[in-house]
Amino acid sequence: MAPEVRGASLVALAEGVAAKKWKSRDLVEAYLDRIARLDKKIGSFLLVDGEGARRAADAIDKKIVAGEAVGQLGGVPIGLKDIYVTRGLETTAGSKILKGFIPPYESTASARLAAAGAIRLGKLNMDEFAMGSSNENSAFGPVHNPWDLERVPGGSSGGSAAAVAASLCAGTLGTDTGGSIRQPASLCGVVGVKPTYGRVSRYGVIAFASSLDHPGPFGRTVEDAAALLEVIAGHDPMDSTSIPQPAGRYRQASKAGLTGLRLGVPKEYFQSGMDPEVEAAVRKALDELGRAGATLVPVSLPHTQYAIATYYLICMAEASSNLARYDGVRYGHRTAEAGSLEELYAKTRGEGFGAEPKRRIVLGTYVLRAGYYEAYYGKALRVRRLIANDFAAAFAQCDVLVTPTSPTPAFKLGERAADPLQMYLADIYTVAPPLAGVPALSQCCGFTKSGLPIGLQTIGPTLGEETVFRLAGAYEARTQWHQRLPEDPS
Amino acid sequence: MSGDKYEAVIGLEVHVQLATHTKIFSISSAAFGGEPNAHTDPVCLGLPGALPVLNREAVDAAVRLGLAVGSHVRPRCRFARKHYFYPDLPKGFQISQYDEPLCEGGAVTFRLDGEVRQIRLTRIHMEDDAGKNIHDASGVSFVDYNRAGVPLCEIVSEPDLRSADEAAEYLRAIRTLVRYLGISDGNMEEGSLRCDANVSIRPRGESKLGTKAELKNINSFKNVRDAIEHEIARQKVLLGRGERVVQETRLWDPDRGISASMRSKEEAHDYRYFPEPDLPPVVVDEAWLLRAGAALPELPEARHARFLGLGLSAQDAQVLVAERPIGDYFDQALAAAPAHPKKIANWLINEVLGRVDDARKLMDQDVPVPPAALAELVELVEKGTLSGKLGKEVFGRMWQQRRRAGDIVAAESVSLVSDTSVIEAACQRVVERSPDEAARFRGGNVKLMGFFVGNVMKETGGKANPKIVDEILRKLLG
Amino acid sequence: MPRINSQEVREIAALARLRLEEAEITRLTHELDDILGYIETVKGVDTASVLPMTHAVPFDCPMRPDEPGQSLTLNEALQNAPRRRENMFEVPRIVPGTGGA
């Protein structure tokens, strides 16, 4: 018998499958039914693999009956941002230039989910090549925020955040380069985790900015996100930047409580530009954490004001390089008519890329040219170290930092599309952690009067995921925000 | 061009394909050939999301090369992306090295007309090879990515070369060296050794460099010489006419024996190098260097000098160092017969090398005449047990029947008979049978000695020691 | 004074092999000028004694043994090719020697 999957936690659903309370196939049917009914309005899925999901679920159910082990996530339906390469299943990264691409290989993270028994329902919408903060840059249409369909879900993992918020699957994977997990998590009122750089393998995750790309999970609860991270984290020899240490015990940490934790409150993250309702909610959360037994410590991250410029310099340079392979020769879109090689490249790329990748290719190419390198990319790498040093110094004084995730709640579709710089500036609270490579999590800490979720960001030191989960779990245990659900669209 | 008012200044960029089993950043086969696109994987095809993982063996090969030429091997080097668009380049960038290459400095040493030459190196760096473009008469082209990702070392020389011959000899020295080190087969036909040349000329005595042209597509030793010679002549004509040499890249056409300017594209190359974010810095520590250094073989130039010291001719020494197994064979034979270096060299060059199709197989287990066997034969000849002629015969049977010289001599008594009583008996029989000839000899026809010797040899089956035969006959006929 | 003009955008787009419409060039020129103006803020930071941070992980490059793994099948390698002939990728005519490396 199928449980109510609306609002259900992934951990509870997995336990139910293991305990034979319900079948994986029932969960799959329940989610597929919700997707079929509701996702036309939300637009979170680019591809639904119902047949594959049913087949995988039946295999799990068979194992359960036979008394075989099915893995920690046995039978639980999940979704993947369409930046995760999936063998035999179209993978586009939200771009027309990859339309029709059927990979002959699988990303490490998605392979680990499958090995843990998770059922892949399909591929989720995203900003093209993960470039964006609103999911309006998808070549396949925008995603609508389940809390207000007129508003953006955030980006670039907008589909992954919206799908969890609307209970279209039990958990999802996204990627975060400058905030692309945490910001949509904030705008959709779910939990999103950007782990330490190198904690989750990038193998098979289509590159945007290689030195900044962080795969990570979305969950309805802190424990759900921890459960997903526990499965996908850990060393992968296929990624030369993968951290050798084994994954931590994140689920356990999420229930360990925060007694004795020193919470750093960086003053640079509480300056002007923040929406008053966001500021009020975050300050209330700080009070709550203080009451729960944490010590609040004022700290400073003095190079914060340079983080956005540094971030955009690095990500655009790396993006211009990573997007050079899309040339219409081996895969993806190819222009219909090309009389010469030059034409093949220029037309294929001109037709295949949307406005945001084009903007970043041109800017990235500009800053990497001979004679410009030191002034731009080289300079940004040096400032990046200063930003990382800021975090190291702060973590000498505290265990974890607490800040807002996004300066504003979800904004209206189209509202910021005309001004890319303004869109970039809104990443103010999320770009620094990926520059330093340190882990960070966003969870819901309240709602605006109009009912839009507000995000609280927790930042830990390198490989400090457990500390982040301790704080986030303890906060969630003392509040009810995560239990509030958006109405199903009618 | 001695006696000429111009002097050529040449630097080479040599690409060496390393003979690893797998590609530099991925697990598919790095073997030459194969069905087009059969040796591919997501990494070397540049599929999205695929990531490079460095092959330790490729780094080790590059380290050995660096140590062999006396480069400074950086304890910490770095890969960088080099961007350009071309169909054989699947990622839109090559993973190469830029401002922090593995090796800096060093020199390649070789002999030109008996004189030792040292060409300084700027650097040696590692990078991945591109695929292969196949041009088709139908007006389209095709790409095969089997070669994409094969590890390369690029050896960049200082502009120390002064002639086309010297450039060709330098390239040959690199080929010999990489084969000694076992890091590449150095095969120019299969593209495992490739060369670009920077050529300029300047008035003799001038120290400032002239404007250089870069020659590409020089894919044989003959091409190196021809292309550079042609380029020097071309530049001399230009300067002679009072024109200027333009800095450009020129493509050598070996069929027509000319080079042509490659139309420079709409903008000059701007490779937009930046550190490869997918690969942290590469560390080669002291222990690694010691291990690699200890594993280096004796290098060609050192060996050459040692062989000269043994009294070998320059020509023989050159033959013996051309391939490492030849010198190894020589050394092993010499160890067994230390008194006869020149003789061993002769036998090796004239008999052994004439019978192997590939000198690299000389040290194989199944070579029919191993070094110790050759040494044994040389000793038998030098002791007088075998004549030179008989020795060659015995060698032929050693090679065919895989037997030792001693066995053949013992089992078939092919050795020269030196037992005077046996020879004396034979001589007596011959003289007795030929009274007329004996009388004529004694009468002064000394030419008849040949007749007697020949008959004694017939009598002894060719085994009598000719020196002793001669002595006894003279006594009997005296 | 603008930091970038439309001619430069055209040149960079050519370097990046990106065909842009005139309207795109005009729009991009303005946007890039804005963004570059903002990005210049990093120029004020004193980084004289700071080493570039190229990677967020502290370890050295791992290396793998030289052992062959499973290659793609020919079909896997070629199945996504927009144009192929037999087992090769097809491209417009290549003028020999115009590549880099």
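Observations, loosely collected:
When the chains are written out, they are named A, B and C in that same order, and each has its own residue count from 1.
Just so we're on the same page, a contact is a pair of C-beta atoms (placed from the backbone, for glycine too) under 8 Å apart; a residue touches a chain by one contact, two chains touch by 3 or more.
Only a predicted model underlies this, so the values are computations on that prediction, with no experimental measurement involved.
The chain occupying the central position, as judged from C-alpha centroids, is C. Pairs A-B and B-C differ in how many C-beta pairs touch across them, and the larger number is found at B-C. Here the spacing of subunit A and subunit C, counted between their Cα centres, is 24 Å. Per-chain CA centroids place subunit A at a distance of 57 Å from subunit B.
Spacing of subunit B relative to subunit C, judged by their CA centroids, is 40 angstrom.
In subunit A, the residues that touch at least two other chains are 101, 104, 211, 237, 240-241, 320, 324, 327, 329-331, 341-342, 345, 365, 369.
Residues of subunit C in contact with at least two other chains: 14-15, 17, 52, 54-55, 57, 59, 61-62, 64, 72, 77, 89, 91-95. Each of the following residues of subunit B touches two or more other chains: 42, 45, 53-54, 85-87, 143, 265-266, 270-271, 277, 279-280.
Across the complex, subunit A is touched by residues 4, 8-9, 12-20, 24, 28, 31-32, 34-36, 38-43, 45, 47, 50-57, 59, 61-62, 64, 72-73, 76-77, 79-83, 89, 91-95 of subunit C. Residues 100-102, 104, 197-198, 211-212, 237, 240-241, 243-244, 303, 305-306, 308-310, 312-313, 320, 324, 327-334, 338-347, 349-351, 353, 355, 358-359, 361-363, 365-366, 369, 375-376, 378-386, 388, 420-421, 424-425, 434-437 of subunit A touch subunit C in their complex.
Those residues of subunit B that touch subunit C in the shared complex are 15, 20-22, 27-29, 35-42, 45, 53-59, 76, 78-79, 82, 84-89, 94, 127, 129-130, 133-135, 139-145, 216-217, 251, 262-263, 265-267, 269-271, 275, 277, 279-283. Across the complex, subunit B meets subunit A through its residues 42, 45-54, 81, 83, 85-87, 90-93, 143, 265-266, 270-274, 277-280. On the subunit A side of its complex with subunit B, the touching residues are 83-85, 91, 93, 98, 101, 103-105, 107, 202-207, 209-211, 237-241, 317-318, 320-321, 323-327, 329-331, 341-342, 345, 365, 368-370, 373, 377.
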